[in-house]
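First chain A sits with chain B, and in the next complex the same chain sits with chain C.
And then the complex of A and B:
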């Protein structure tokens, strides 16, 4: 277990530093901030409608990261495949799961830095206009969790491709599917058959769950949903890497 | 690993996402249900302590039935969220009631039995913004005996009051009998029974009493005394009360009665001005002095700090006589629980001294930044007269006083000699039988609908109240306290404070820059308008205008136009300043911040890498 954690940390640091060494973060971060603040100002009612939770800002985040998460995850496996370093890595007595989790955490940490950089808006809003700081802080954490799901799913998709463009497009497609999956009506109808006076609930509508998590009321079921989805995507990522290895 | 083609693997993985996403949602919902954490400062998603206490104490079986149109959530995404919040709230009641409350949700379909059922129980139909009909969104609360209370419709503005409405109405359903409240209102027929064209003449605060577990009864004839079985008596603007009525109130208090009295110094003087009416004064001075209360029938009180503005010529003007009582001016008393603000209009004030056997409590006052003015100067609501006569006094004035204890009579004997009346009326008491309660409020306008119900402006919307202040809640709290009713007063979910927005902030910043200039120009404009009006009236009297006067008028008109132009220019400058500020704000967010944050990050990483290199070099050196 100790080796597993140590290996995971090694992968994490290597991957995390690579974002700085190849200057990718310095390109993505300003683009993210410009897109983020532009959409907040011009495509939401953030400036004109009072909200003590900056909800309009947080509701936009999953959609904005829909571009950035594939851009960040596309290279984590493709680079290994291209440089043939992954064969060397996998020939070592290292668990694939440690590599998958380490790389996922590195991407997630980078998205965390990007999200953290937007706290400037929180600072000036709290100072000049006023907001419910605990609620905003919770919204940041919940948005980070939602982006975690996106990173896990995107990394999984990226593991299936050998080139950057393919990895980006496939990651984006997987995330689009995640956003589109909504069988709530069907599930609610089935549940209503079995449970008396059953009230409709949200089960798998990703956009709705993301919105609900920043509404100030954090449902345990949705936290479970996020963690379960991250775990499942990471496990699938391990399977995908195994598959790639067998394919070679 | 099996040797599947990449296409099959992709397909399997895509199906995998769908299955995992749905499975995680379903399992999470089944395992954790609706459990959640409310992280909001105002706890907007949790039941208040008062509601929880009521649910703990309640032993009756109650039912909550929510009616919502089948297509409600499709019409506007906001309805979806609102409906989910109401469902969540109702489910919380059910969950925390130890099985005593059952919740059901009925989807109302057009032309189906559900629609007929909803209409039968009083759910009000409304139209969607698109004009389409058959929208229903209301609630019925019932007990097992079949008694029910309907909340005809939920509107977006009602969200703050939903819990308040539900808990209070549920507590009314658990009470065995409603409390009788007698109403003495000689000036206005506030508890009128008749209806004209289906509209009740009853005042909304009386209707609200009925909805909240009380049974209001108009006391038109009190010649035989007030029945001591009445739980409380509300005396609303006691205009020219005869001795017999005062005697009845006096005797009722001595029998342990509860009296709430809304006085009105302003109306007494305003109506008294009319020639045909001479006796509009309350006549309560002697009665109140008997209990140590003195009422300022000749002075009005204003609050320079907490008031509602007056709009004169399109400009908002500070008008102290429209009082707003805020939290800091309430004393700590059960009646004041969950009261955030009260609104009064042209109120008098009270003085008090402690009397033997009586406890006196001041419930609320003006702030220290107050003032007074003679009431007779204010008959015609003229702002200039107000400015001339209002005096800032920098002291607090009590506006509501509660007296409790054994009241002594102001009469020495029954006031009537008619033996028949003596035989029919209640026996005269010279010594008190029980402890009574008397609440005196220095303004009767407080119960006027315009000061607490926003629906007043909407031509008496039949869909219930839309609270703008806690005036009604204060009356309910007072009745609950005085009658010992076990009804529940629940705090609002969110206070009615408008939060600042970025655009308003920028507009205010821009306006602030030119505030002084604008004020000066406005004053000059008003002066010029006044002079012009004066001149016009002089010319009207003399009929023949002199050349000098005409020239003077022309000059003033030119001055007026100049000031108007100047004001327009200032407004234009404010707009320009606002645009400049907005552009700077956008520039800061879109250009400066991204560059600054990126540079900072690069700097931090640079320092970090330098340290690493340094450490590595030192390690090499050591080796």
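And then the complex of A and C:
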């Protein structure tokens, strides 16, 4: 277990540093901020209705990260295949899961930095018109959790590809499906195999999750759902890499 | 001792390795020879844990790559033909990264390895900026940091200048005094200079597994290149 955690940290640090070494973050961060400011100002009368502006901001975050998450995750596995470093990784006495989790956490941390940079908007809102800081903080945490799901799913999609464009497009497609899926129906269909008359009423789709969080209806079920989805995506990522090892 | 029994591997529905059997004795350098497409790299990848064999077993020091993967890989290091370096890392960062994945490395061994492979002058350079020779040496240094009992090298001297080749041969010979080395090469001069044992592979099957001295006796004028003359493959 100690080795597993150590290897996970090694991969996290290596991957996290690489976002700064290849200057990717310096390109994506300003674009993210410009998109945020323009959309929030465009969609709402920002300074006169500050709290609704923040509401608009949180509602838009999953959609904005729909572009940024694939851009961040597309390289984490493709680069290993492209530079032939996957051969080195697979010949080390490490668990593939440690590499997968370490890489996922690094991407999630980078999205966290991007999200953190947007707190300028929170500062402006609080300074000029005031806002419910607890509400804003809670929404930041929940948005970060939603982005975590997106990072895990996107990293898995990236592990299935051998080139950047393919990884970006497949990640985007997986996330688009994630947005479109009606989770209540999906859960009901799965559970119907085991339980009669099971009727989940958690969230209908990904956009509604964001909306219900913003409206203050934070459900504990969502946190469990998010953790379960992240774990499932990471497991699928491990399987994808392992499959390449046993490819026929 | 490395024992390979009934090893088979297919890629994209083509049988690349077909029922491979051999043993590598301790403290010797074995050369794996074969024309392009014979299955050398696939065999090395199976031995290094990169590929999972479809059938058969690979056991080193009583640890199987299938059942005791972690312990098996702790004793083995593999240097692929294309190096496998993280190009955005410096040589120092790369070596410490690989060392960290293997539970760290003694500072003395780190310094000795860097010195032995003459990497001091490029230690802070990005791997992307290195010449082919330095890239090869960096990859080899990373493999040697964990002091593996079995070192698997795919075309180790390709891209090195004559001086570097001599230095590397000397280093490998010294390393083989206490450990086992398997090298894949096309350079016959390499085989004569390094190997004490030869395994010849063709179309995924081993067709010759014997000491270098015995093969030398049967090959006219000791010319190992003649070994290839009757083999099929991309080279011909």
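The definition used in the following text is that the second predicted complex is superposed on the first by the 217 of 248 C-alpha atoms of A that agree within 3 Å, B and C clash if a C-alpha of one lies under 4 Å from a C-alpha of the other, contacts with A are read in each partner's own complex, and residues count from 1 in each chain.
We adopt the following convention: contacts are C-beta pairs under 8 Å (C-beta built on N, C-alpha and C of every residue); 3 or more make two chains touch, one makes a residue touch a chain.
Just so it is clear, the structure is predicted and the values come from calculations on it, not from any experiment.
> When the two structures are overlaid on chain A, which partner does A:18 contact: first (chain B), second (chain C), both, or neither?
A:18 contacts chain C only, not chain B.
> In the overlay, work out which of chain B or chain C sits against more residues of chain A.
The partner making contact with more of chain A's residues is B.
> Could you look at A:5 and tell me whether it touches chain B, chain C, both or neither (first, second, both, neither)?
After superposition on chain A, A:5 lies in contact with neither partner.
> On the A-aligned overlay, A:176 touches which partner chain: chain B = first, chain C = second, or both, or neither?
Touch partners of A:176: none, neither chain B nor chain C.
> Touching A:90, do we find chain B (first), chain C (second), both, or neither?
second
> Which holds for A:37: it touches chain B only (first), chain C only (second), both, or neither?
It touches chain B, and chain C stays clear.
> Name the contact category of A:165: first (chain B only), second (chain C only), both, or neither.
neither
> Would you mind listing the overlap between the chain B footprint and the chain C footprint on chain A?
In the superposed arrangement, which is not itself an observed complex, chain A uses residues 246-247 for both chain B and chain C.
> Chain A touches which residues of chain C in the complex?
10-13, 45, 48-52, 54, 69-74, 76-78, 80, 82-89, 97-98, 100-103, 139, 142
> So in the complex, which bits of chain B are touching chain A?
Spelled out, the residues of chain B in touch with chain A are 1, 3-4, 6, 9-10, 13-14, 16-18, 20-29, 31-42, 44-45, 87-88, 91, 103-105, 498-503, 505, 586, 589-591, 593-595, 597-598, 601-602, 605.
> Considering only the defined contacts, which chain A positions touch chain B in the complex?
Residues 20, 25-26, 29-30, 33-34, 37-38, 40-41, 46-53, 113, 117, 120-121, 125, 128-130, 132, 134-135, 138, 153, 156-157, 160, 170, 174, 177-178, 181, 183, 187, 197, 199, 201-204, 206, 209, 216-222, 224-225, 228-229, 232-233, 236, 240, 242-243, 246-247.
> Can you list the chain A residues touching chain C in their complex?
Interface residues on chain A, with respect to chain C: 3, 6-7, 10, 14, 18, 21-22, 83-88, 90-95, 245-248.
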